């Protein structure tokens, strides 16, 4: 039972989901079970994180077959960071969601599917086998399909149909990629693939195989020009349902890209590297322009995700330890900050009944604490120092400039320029929703709310926003250990032998 | 035979995409299904094929003899088929709901969530 | 003797398939195509049976059994549909 | 679709479907079949009955609650993979009893896992088809 | 020094609370903070004057070798005293200025935040730390300019200021990062101690330019100047504090701070001299054209900042010293004038130079302060402004490079300054009292304290310049350059050419003052202010940017699934083609063991193709589904023939089930949307390309060698170890059982989802 934490992280969500299914119809009991197990999950994840940091890797050889013939679940430092993030998010998203959702019917769907989603996420972050990763992806995706359609409003349904279709295509490409890799090497284990693929005679064919993964993961991660599903979908469903999806789905894509293009198919020096760099630049620019064009609180935020993804892709594509560490830190930063912004957007929408900037206003006057919370996250997103975004930006820029490569330098410069546009579009929200006086367009009066009444009506929502803001502030002002973890994870992942030998020589 | 099967697979891919690019929602689902056949066939063929030799150990033996179909790809396909079924079923029900909510089965009319205001 | 029987039956099944194909392409109405489809399923069952003989592998017979158990379901659901539509 | 032919046929066919599905489930480890195929077959049998006798009737007769069946199936599968942990082995290690039963074959955790799959598949297919044919 | 920053941050945090507790005196309570800092600065004066810089290091982000370093040397201390000294009066001033404003608490928060950030800039000992505070000043300035957020103009100006300064900041960040990489350190003491670090470095000019852009945007230098006049939308204390005395001087500070590092980079000097010179003249001219008091002051500030940049660029001993002296003089009189303007605006409700006059009787104290400050601005003996002007002229005419032009330009600027000084000190206060929206009377005590003290200091500082200002200014300029001459300040240096110039300046200034209306009319005729400039560019580029954004978004985010899918597929295909061409290895080992074609199978495949074609072409949905069923059965048959009974069985079952589901759903859907021939043609292309690519790749992979360790292992151990003879099933439930667990979970979730879609009636919320 040496991997008790790893197994807990994997199985607690499943167990919870099943328990909640058994308690079908008893919403209060379901909520209690969910609350307890999300805390347990967080605890297990913290312990697992600690274990991964101290002893390097936690490996569970499922089925006790020789390595490579069964399926291994691996938690290295990279996985540990993502799992930790996932755990923190899962707790706050659970509080937020169960406080946000008022209808009993919706809750009874939300709760089990939420934990199934968590199950898929945990699995995806610890899969040591490429097909296993596919399966976890599907668990995650189907859960997200369900979460996006709860409530079944017109726009939700419209968007989900596109979302489902594009994800089906992405999964198909993923499968084809797996097929090609299997057809070339005869194995599915990531470590073994990592060993065999670079030794393959026909490297062009290996690269072609890798390009399927690039596209498939690229769709998940919403990189240019594959991002369409994201801005079409994220703003449709109430954020209470989809917080976890919105926060982590694209990051699973990023995680897979990092995993695939370091361990299995090292990116350095391949033709994919420059392509990815260019795509990263386009992703940043197109995403931020998209955000600038929008006039809806949540849509601006959705488009921003695309833009921020570009930074992470850039980090991966630069492929130095510092840049990958920057990408990792950026993931951490972005997940926390973006989720918090969506949470605040959800709160604003709940209070004002609209997300359109035109119809919003005066929040600074009415609810200054919301404004402060928003400002912290928004300025962090735009990279105003010393908030988290700045550290990510700094690491990436330093990593980029250090290489001295012309293309990388240009892309890095673009990334700095994009942060100005990010600022521009965030101030758009700030100007319109917070500074501008309440417009009274619809004729109804300004909602009369204050801190206390909100706390009474939606305690979970407020608490989760406060907790996330606190975490953001802590990371902002004491970034040392987080940066250190990201650096160490990046070093480990770039030195592929460590991972590969660690698994292949596991007893 | 491999060449014929490869071309068939390519045809299925093309047909699947062709259907998905159409306007109708039903065709979209048909395309998704076609695409999943194509993907499954692709994996099946890419793991090299042998005729009529299932990966089942004969009654009187303990291990499989020299030539047999690749069981790994079959297991993968099985999993993929089942997962695909779940998603297809969901998608089929989804178009029903979309039609109930929007009154159209034309995909091109579903662009409200993307449009700028 | 068996060999000849097999060759003959394979030939007949192949011929049937071509005929089914023609009916399937021509249609013209839906029930025609449904019937053709049903027949196609039956032919698949038959061909599976033949091939399990050819390869002397009983495992294939199971498939034939399963298929025969469910093959009519498709036709039945179409019938269900046509019935409902008439209402 | 309540016709005499169907009613009589389904009364005969349903036990056949269930029996054959169980047969496929238990011998799946050695011949084509297994939990998934068995489950599908059993579910199709029940669905046929529902088509003929109506969904409500079938639910009432067999006291089926599809989501509950899914939960049961998942928990059976989960328990089967957790068992080896108690003997200090990794998750999902196959543990076998020594005795071999007629028709069923060897008993072990993989079989139990397959039974879990079987139950889940029945639950899922029934859930989908019942809901759809109902409304 | 960390303590000061922390206290400042805490003060910012509690400012709103203080305001809630004692809303009349919140600003006065908070003014204790700058006062304390000022005293702290004075306490350190002695040790700093003895050339001891104080350095504090606190570990912070060790992983990127960044520590919180603070440094207090002559330059820092000079700025600390300036920031805290002026800050003290500003807090008191703001307290009265925003007397009844319910948002005063917020204002004080921002102001404290700004002051802390400004102190951070001048005290940081690490460039990255400096940058952090730098951006904080931009941020707090944004909040302060937009303080009257209900007005659109405020919001727009705030955004403009923020965008300009932050974009400059980004260049600077790039420069700092590059500097860190090239020099190996960002610690200021190390950088300053080794001025040769960047000698002969090819990247040094780039770094210098990047950092300069940051400094020049902050200091509102041409062509980045336009945000400053617009920033006058802010309340008067903000203009007095941020936009004349402190924040805009952060750029000058940075240039001064880094002068030793870049002094050997040729581009540094020339850019600074040119930009500074242009800004100087341009700002003064623009000031003369305007009549809004705040705008005029803003332009003179721009001009003054240009002078400082110019002086730093010239880089001789005397010019650097002049820069520091002028900086102090400017801070004293300009802060005062801004507050005076604030008073006038506050009490009369207007601030047009043309319309205001005769306020002196009604507002005697304000008049006193304004007059004193104006005298200093005009450079009348014995004010500190005179001292500054003397040394400024000295430096300008002593310039080795382009000496004539610089001298003349400086002189002209001085003339215009003098003319404007007459307007501020004389015109608005003397003569007939003009009609004003509000009935003017003297401002409250809090609002006259600051101007009076600062203006008086301008007089005292002039008389006793040698005793008061000289030591610190000398020390601060000697940090910038190794000064070979001790700074000598004094009123009387004899009747020199410079003194004559000063007198001439006064004379000409009065002349310009007299003819100012003609000049303004002339410029209006020429419509000089409507000339296309950087400001117009900004105002054009923002909508243009939005237009591009909207066009681009409409292009990419069309909402049509077809476009999305086509893009994805074409991206994939072109990626593959590109990779193959770059990779260039098309080696094919050969389809060695191809299976022979059997006619029977061909019949099946032909049937499948018929099914495919029928699916594509039919207009009936049911026919399409039946045809698809044929294809599905055919696929299953292929699985079966090539040894996959389990897969085949599953495919048969699933296929049938899917058809049933489809049929169940279908009776609720309308017929196919009509086939569109043109559409079909258009979508055929990507489909065919996609299919062809897939076929090619499949064949390509098949042409390679493959040996599967998995297959071998499973066949060996399936029965012996896993006790099952059906290898596929053993893989599913044992070898790779976790996959199956995930798979049944997917099914379960899908079932719940379908249940949710069809059964659950959601309440509208």
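When the chains are written out, they are named A, B, C, D and E in that same order, and each has its own residue count from 1.
In this section, contacts are C-beta pairs under 8 Å (C-beta built on N, C-alpha and C of every residue); 3 or more make two chains touch, one makes a residue touch a chain.
This one's a predicted model, so the numbers in the text were calculated from it and none came from an experiment.
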By label order, what chains touch chain D and chain E together?
-> A, B, C
Where chain A and chain B overlap in contact partners, by chain label | D, E
Farthest chain from chain E, comparing Cα centres?
-> C
Chain occupying the most central position, where position means C-alpha average | A
Look at all chain centres (mean of CA atoms) and spot the one farthest from the centre of chain A.
-> C
Report which of A-E and C-E is connected by more C-beta pairs in contact.
-> A-E
Interchain centroid distance [CA atoms averaged], chain A/chain D, Å = 37
Dist(centroid_CA(chain B), centroid_CA(chain E)) in Å evaluates to 49
At what distance in angstrom does the C-alpha mean of chain C lie from that of chain B?
-> 22
Please list all residues of chain B that touch 2 or more other chains.
-> 20, 25, 28, 38, 42, 46-48, 52-54, 56, 72, 78-79, 82-83, 86-87, 89-90, 93-95, 97, 107, 110, 112-114, 116
When you check chain E against every other chain, which residues touch at least two of them?
-> 550, 553, 557, 559, 561, 565, 569, 641, 645-646, 649-650, 653-654, 656-657, 660-661, 664-666, 694, 701-702, 706, 708, 710-711, 714, 725-726, 732, 734-740, 743-755, 757-758
Contacts with 2+ other chains: residues of chain C | 51, 59-60, 62-63, 66, 70, 73, 77, 80
Here the pairs of chains that touch are A-B, A-D, A-E, B-C, B-D, B-E, C-D, C-E, D-E
The residues of chain E that touch chain B in their complex are 550, 553-554, 557-562, 565-566, 569, 591, 594-598, 601-602, 605, 608-609, 612, 615-616, 621, 624-625, 628, 631-632, 635, 638-639, 641-647, 650-651, 654, 657-658, 661-662, 665-666, 668-670, 672-673, 676, 679-680, 683-684, 686-688, 690-696, 698-699, 701-702, 706, 708, 710-711, 714-716, 718-720, 725-728, 731-732, 735-736, 739-740, 743-744, 746-747, 749-751, 753-754, 757-758
Within their complex, chain B touches chain D through residues 54, 56, 78, 82, 86, 89, 93
Contact set on chain C toward chain E in their complex | 10, 14, 17-18, 20-21, 24-25, 27, 30, 33-34, 36-37, 40-41, 44, 47-48, 51, 59-60, 62-63, 66-67, 70-71, 73-74, 77-78, 80-81, 84-85
Which part of chain D faces chain E closely enough to touch in the complex?
-> 28-37, 40-41, 44, 47, 66-67, 70, 73-74, 77-78, 81, 91-92, 94, 96, 106, 108, 110-111, 113-114, 116-117, 120-121, 123-125, 127-129, 131-133, 135
Which residues of chain A touch chain E in the complex?
-> 14, 62-63, 65-66, 68-71, 73, 102-103, 105-106, 108-109, 112-113, 116, 119-120, 123, 129, 131-132, 135-136, 138-139, 142-143, 145-146, 149-152, 161-162, 165-166, 169, 173, 176, 180, 182-188, 192, 201-205, 207-208, 211-212, 214-215, 219, 225-226, 228-229, 231-232, 271-272, 275, 286, 289-290, 292-294, 303, 364, 368, 379, 384-386, 390-391, 393-395, 397-398, 401-402, 413, 416-417, 419-421, 423-424, 427, 431, 434-437, 479-481, 483-484, 487
